[in-house]
């Protein structure tokens, strides 16, 4: 993973916008190299482009290809201290062979076999799980076991102790999202091992976590919690609520009251109920539903996103690339590339046949630092 | 500057904490490579270290070596559209030959010949100038000419039009600090060319900029400005005020009233007068004065800093490295490396003989995202 | 309501801490009166007491006495433009005959007859409704009809158009809370009449308002709403959620996981889901459940509260006064008077027999201005 | 100061918008009185007006009348524990004989004789001093002696210990501004006596306070102070800076660069350098300079203001009233009354002959609670 000790090289080239190549210039450039200096004028085009020109490319991973490989890892790779998790990261093909979905985001499929535990640890990296299929695993955060089921979103802010246990006789797969590349780059990461084995009291399997019992009531906060940290205290956003919120928006639209982002496009953002802001300081998470027969307008944003198809099928377009997608497929939208999604043709009075998309992005970083921009390309 | 198209490689190695290397494992790993997948268990040590383990190394650039090279560039390299600035960046020796002082910060020496202009442009990168010696250049920000003199600090938030003009018959050098590596990494950058030639009205040489006349009065804000953006509206922090603030702190300490960070160590932070927060959303700037005969306690922080010695001499220690430093010398403190500074021996009732250090860092990024940590190592 | 044109009077009195009464003093004081001046030294004790010494007194209104009077008003008083609402305010007996429950808060019982409408208007005063019994009225806020049923809390920030319609064949009573005394005092009030008759489209009777369909899903915000004002966009907090949140806290306590404010005392605050802060900028609203056999510790706070007993019975103590209370009873806790509540004796594994208290207060004013203080008296 | 124990009276009157007066109505109203109830429909016009209709009236106090009375008080009234301060409050003639300049603000002239001390105390009321003439008194806040001279503004947030000492052989007068009426109304006040006699170390007479040495440098904050409370840590805003800021604005306007609020009208707000916001959480303070021959546009605002003429002369208009004013005169602008100021006729290239106005208001209360409104009446 090292950036290596490559020497400083300053090339004298003869191109427009560059000084003429002379012996004196070459000598000057040798002096720069010796003193570890690099002139702006040889670098400015790449370093300071007119607009974001991402190193990442749009790419699609098919769920049907990921799951068998994860299952095979279930057979061959133990889960335990050191390796920590049976998580397999999506590596964007143009990010130098690194395990990065985008320059700032990590996305992985995690797999836990029947009866297995993943050992406790904590790290400053912000994380979440999202479940596209299956059930049976509980994530234990700070001693609180949280069930994982299809459609559930489980954020977990940095520096919380956490482990997993599979309480059933079936394996389970889900996706993890983290800000590993971002924290790797700014060099903010801390990591600690916790207990190798969690207690029996934590291996229970309640249908609602304690965090949901305290924080999962709309518009209500418990007085027993004086304050909370930078991340959300609500550790599970159950599918039943997300689904209903999206259905409500589409129903309101049909009744003539608006409620959607654009015709046929319902969307919610997962938020910290203590502040109303993003669930994690570095990661935004949203759910989008494109009704049957609808298409979203192409939008560019600074920052990158990863999407997973939760249900339905359709066509998504990222920059110049389009893919037909179906349940579980995961794809990347690099910074400033236009994105749009189109569900299957047809029309319906209900939400059936909609294209359901889970999305996460690094937008909170951009907004916190005044770097967010959005552009809707006129058609 | 590309991260390249290196293929995904997953190596099966036989080391503790890794699964046994078998043919099945190798086949699994070939499957990972084919699907652009990388397992966490082969990467976790480097990706998620116990604490920040910077790719950057401590390094020192001597001012006496930089200036002649910059002057020689003055002879050989024209300033104009395309190259934009005669700025020469400090390249940390372990960051892969890139023009980065640290993983997030750019530091450069800029040089302008008598009568020269640097053309107008704007970019989302946040920037500042700091002047260790000389005078005669005005930076024109949004049409407001700002004089640059020894000790002056000139911040300039992203997306403001700016140009420079040297109004004297002497060349002038100063340092530029920007968040180029950070914005390059998160891919947030926009850039636009402005006018090639600034107007005569902007080539005037007032002793105070209009921004100072509006915002440079302690504790007072003009009612004519309804609001201001994310960066500071005060475009020059003149040396006379910085110097006096530091002298006041040391004098208060001598009188028994505190006021310093620790004995003999005075320090101020440059702030946005409209908000009291950092001058730029991604860059913090401070000035530290270590009184003759004093030494600061070693402190570690997440995030990286660049220091320039403004005056005096002494010894600075970054991690395991110590250097004797003097006026103009520039050095880097990588993330989580302990830093301390020691001025020359002696004692005095005045500030004479103090070691004066200008510092800039990426701390606002960490604080905005809940990633800031500081540790004072017990001695 | 006028503060009157009473002349300025400065009395020369012969008491400790006052200058000796002489003819010269009397002459000086006549001079003060003539110039409309009043010395601090004759006023300081009352104006600047050692701690809040409220002009309001603790007082209890019995629901069983309020309802018949409201019903009689239903017979005799029409609802219409000019009078605007059939609302009858609780007048604290020591606030000079003014319709103020406390120096800052208005509390009233409102009554609407079968088929009646209350006409549309808007005002800067922040308001809410709380329903202790009955159903059948819809409050129409900005065209969105919101059902009102037992236990529902309906906040409504200032300057929103609103009306009521009773869609049933029964009268209905509920309480209104507003910041009328506060805004009267600081003189911030605006008021406008709306349409005399609301449209048929607004006289519909949905079981959920559109605000609930957009904002009533735990931890989820709609992307279709770019921003929201200072008050909550969620216009109804339904009883089912409040009740469940309180039950969850008491159940968690019984399981040994905490979750309550103190043993047997569950409590939630109604919050703005867009910000996590109070539903209204000047009014806080909470619900407290004291389990059978439990008693809360006496707490003093700056600012005043009004409570309504929602269910159960018990004894409440405000300063030196205690009352046995039951469903619907309303009482006042003046600033800095200690308050505690005790439910009926007994014990239970469920929430049955709990004392349920709805509370509203002016606390957000104190917190916004740095004036909040709380003291728990040791016992 | 009591609001009295006047009984609740509900009058049945025969006017438009009121129900017909019948025996049944009278009986109902007797029932209301007995239960301490007051109907909205008899009160709404006064309680909820179409716009703020202040109980205060515009009023002017002449400095030439105030000073002799204050001086006479200097002869007759001792300063000491109990009375605390020789402060004489301006009583708005329509606020019921109370010592209130406006419904929320206290304004007083304070007078200290040669060699006198005013004893130490603290209170939650936010306070400031402003000096229209004289010098020689130091205000000691938290042990830090702060000189008071013509044009200086000295804010002091609630709950700081403070005392005064006159170190010269001349008496001195200045004005005090506090939020006494506001805190009296919301009942948030605490008060404590401090030492009766301050120490010799505090009776020193430095030309700059320690607060100025730490915080009085434009755009610079000391690193030695980790955080600060809700009020400003800068305890003196010296005239030299205020004057220069105003001159700079008028000069920029003359040069064609704007900088003023409107032609000929320069203005600054005193701000907390740690946050950029108002110096006190409940009081805003500003300084306005109206150049010779200029006139400000009439502006209405929610909330009330008190002005003191610092220099020059001119005509001010509050609602329907106009006064010719000169140095030291103090006047009140009630909520939502339009205000404008006109300096003496003439024209000049300098600031000489300008009308200089110090202003304080309760605006931060309104802004914090979302109640601020401003209207510029078209002419």
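Here the chain labels run A, B, C and D in written order, and each chain numbers its own residues starting at 1.
Rule of thumb we're sticking to: a contact is a pair of C-beta atoms (placed from the backbone, for glycine too) under 8 Å apart; a residue touches a chain by one contact, two chains touch by 3 or more.
Remember, it's a predicted structure, so these values are computed and weren't measured experimentally.
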Point to revise | Chain located farthest away, centre of chain C as origin (C-alpha) | key: B
Practice item. Find the geometric centre of each of chain A and chain D from their Cα atoms only, then give the gap between the two centres in Å, rounded to an integer. Key: 53
Check your understanding: Distance-wise, how many Å sit between the C-alpha centres of chain A and chain B, to the nearest whole number?
Key -> 30
**Study point:** Centroid spacing, where centroids are CA-atom means, of chain B and chain D in whole angstrom
**Key:** 43
Check your understanding: In chain C, which residues are in touch with two or more of the other chains?
Key -> none
Exercise for review: Identify every two-chain combination in which the chains touch.
Suggested key: A-B, A-C, B-D, C-D
Study note, to complete from the structure: Residue positions on chain B within touch of chain A in the complex are 1-9, 16-19, 22, 24-25, 28, 31-32, 35-41, 43-44, 46-55, 59, 61, 65-66, 69, 72-73, 75-78, 81-99, 103-104, 108-109, 123-125, 157-158, 180, 182-192, 229-231, 281-282, 302-304, 334-336, 362, 364-366, 368-371, 373
**Study point:** Residues of chain D defined as touching chain B within the complex
**Key:** 210, 213-224, 232, 234, 237, 241-242, 244-245, 248-249, 251-252, 257-261, 267-276, 279, 286
